[in-house]
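There are structures below to look over.
Next come two complexes, and both contain subunit A; in the first it sits with subunit B, in the second with subunit C.
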Partner chain A sequence: MKLKVIGVCGMGLGTSLLLLSEVESIARKYGVEIEGEVVDLGSVRGKTCDVIISSSEIAKELKDLKIPIIEIKNMLDKREIEAKVKEFIESIRKS
Partner chain B sequence: MEELRVTLEDLLIEDCIELDVVVDNWEEAIRKGGELLERCGYINKEYINAMISSVKELGPYVVIAPGIAMPHARPESGVKRLGLSIIVLRKPVFFGHPENDPVKIVVTLCATDNSSHLSILSKLAQILQNKEFINKLLTEPDKHLIVDYAKRLIKEDFL
Partner chain C sequence: MLDFIVSFLSNPAFIVGLVVFLGLIALRESFSNVLKGTIKAIIGFLILQGGVTILINGLVPFSNLFTAVFHLNGIVAEDNSLAAAVQPMLGTQTAYIMVFSFLINLLLARITKFKYIFLTGHMMFSFAAEMAIVLDIMGANVWQAILIGSVVEGVSMVLFPAFSQPFVRKVTGSDDIAFGFWGSSWISIWGWIGGKISSIFGKSGSSEEIEVPETLSFFKDMSIMMSIVMLLVYLVTAIFAKPSDLQQVIGGKSPFLTLILDALTFVAGILILLQGVRMFLAELIPSFKGIADKLIPNAKPALDVPVFYSYAPNAVTLGFLAAVIGGLIVTFMGKFLPVTVLPSVIGLFFMGGAAGVWGNAYGGKRGAIIGGFLLGFTWMLLVALAYPLADVTRYGVKGLWFATPDSIIVTIIMRLAGLLFGIPIK
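Take a look at the complex of A and B:
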């Protein structure tokens, strides 16, 4: 399975990058290939992907997009990130 | 290209750490963190204002975890070299984040492009996840010992 993931944050170089690298290492564990990109909040519109990952604060700004969002509250909590990414991967596998 | 050789250990220097910092609000906290970067030659003053504007515009998303903020702005807003500063506040401040306020530790970041600092960023994240390190940062009055401790953690690859 291959997923296109976009990490979004205010500037496109801080938390987005951090979250995307976490996603890549988690996905590897679950046998999922990731095509990743990081963008800033202003540039995400018009992009296509399977899922967006961002902080819950940034996610608020993205609710109108028709793309699933993995929202992370604590960017330093690997368990939170892994649980949510795993849940998304499983939901895709089922569908 | 120079950035490729820079490691987190290189950036963890006493000049870029300040403890027991007294500020009244989040804006002053970002300013203090930015001033350390400016003093160390990583940024122009412009960058400090860019970080503050970005929080005003985009909200408190820089509060990345409970008690920890990581303000930053775009490279073109006055970054000279990749760098980071760490300040510990005497009294925590509120950024307006619904879950992660109040903030006691501010790690101010300046990067020269969108991705070359990834390995530094993920090492930094691992250090900030380490409870013993955070405890040391919050309680140890000697910066030298904090830097030593962080470097030992990185070297021993506890992560």
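Take a look at the complex of A and C:
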């Protein structure tokens, strides 16, 4: 399976890249290939992907998009990131 | 042939491409990923240089007008733009300093008790460029600049996170990660002082108990925020300008319209150059991270500032707004300072917001406001006072200067050290 994932943060330089690289290493464990990109909050509109990952603060600004969002409350909590990414991968596999 | 190799190895776009290429090979990526990553990194660097040309087109006419109207020099403190602007002159040093400082960081994390790995790529890039600037001004040649710059940056990459770590423990309640951002010392100090001052006036509840209106959240989008502030700054200057000045400096059928377009062009340039930074970092940082994970398993990653916002999102808003007020005071003090620092939104947001989080941790919502205010005021004052230490106009860069406090502190130390070796500060 291959997923296109976009990481979003205020500038699209720091935390988005961090989240994306977490997603990549988690996905590898579950045998999913990731095509990743990071963008800033202003540029995410008009992009297409299977899922967006961002902090819940940033996710609030993206609620109107029709793309599923993995919202991370605490970006330092690897367990939270892993649990939510795993949940998303499983939901995709089922559908 | 030798000429070809030398030009290849002194072109920043190719250096970055080569490092990404080697990094991806070290991580045993597939051939297609190596090829894709390398090309993207090189293109990213070229986009960065294109963006800065556009940015300067939007900034220079305004900068001239500002000088004509107020008889003052006005600058925006923005590191990535400054770093990008000096690449044609100092790109070789910058790229090598960035790469070698990372290796020195790895070495220090491996052999000392400072287990920090600095992973904020755009900051590694801008710091490297600023070291290249300072060392070039101090008379170092390319090789000296690479040697000294790499050591100074590599050491800074563990020392600054080490300094802010006690504060990070207090704010996050954990010791797993570190603060890898060149505003870390300033945020820690002023956020802490803000919190302590707040405590003098008695207890203040947490910022997270209050309701912050949703309408205030539009400024999370940097492009909007920067556009509004730049439009205001450009138009206010235009209002004070004599019609003859406007016509002469800006020109065109409607100087006002031209200025509006210039303000937005400035922002457009920043957005483009950040897209370039993003493209080469997206390839570079994962390979840095992969290498660090392999070599130093017990390392503490030092990460970009927004990871701390989730500890007190409301405090980010309070801290940022207070920082803008503190910063504006410095802007209006321009007459009495070496340079007028125009409101520099990116720094005020990212650092002011974090000072809010820190202030809140030490002294509740009042601490967040005082911390943010003190950060905005002292930071822009630091920029204004340190400005004479590095004259970037010699690179044809007008209206831009260093932003991050940590790099300015290092610059001050280096210029003072230079005095010992008889290199004057002029």
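One rule holds for everything that comes next: the second predicted complex is superposed on the first by the 95 of 95 C-alpha atoms of A that agree within 3 Å, B and C clash if a C-alpha of one lies under 4 Å from a C-alpha of the other, contacts with A are read in each partner's own complex, and residues count from 1 in each chain.
As a convention for this text, a contact is a pair of C-beta atoms (placed from the backbone, for glycine too) under 8 Å apart; a residue touches a chain by one contact, two chains touch by 3 or more.
A quick note: this is a predicted structure, and the numbers were derived from the prediction, not measured.
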item	value
First (subunit B), second (subunit C), both or neither touched by A:Arg93	neither
Subunit B versus subunit C as contact partner of A:Ser43, first or second or both or neither	second
Which of subunit B and subunit C A:Leu76 touches, first, second, both or neither	both
Touching partner for A:Glu24 - first (subunit B), second (subunit C), both, neither	second
Doubly contacted subunit A residues - partners subunit C and subunit B	9-15, 17-18, 21, 38, 40-41, 55-58, 60-61, 73-76
Of all residues in subunit A, those that touch subunit B in their complex	9-15, 17-18, 21, 38, 40-41, 55-58, 60-61, 73-78
Of all residues in subunit C, those that touch subunit A in their complex	119-122, 172, 174, 176-177, 181, 214, 217, 220-224, 271, 274-275, 277-278, 281-282, 285-286, 289, 303-307, 309-310, 313, 316, 346, 349-350
Contacting residues of subunit B [partner subunit A, same complex]	54, 58-66, 68, 70, 72-75, 97-100, 109, 111, 113-115, 117-118, 121-122, 125, 128-129
Contact set on subunit A toward subunit C in their complex	9-15, 17-18, 20-21, 24, 36-43, 55-58, 60-61, 73-76
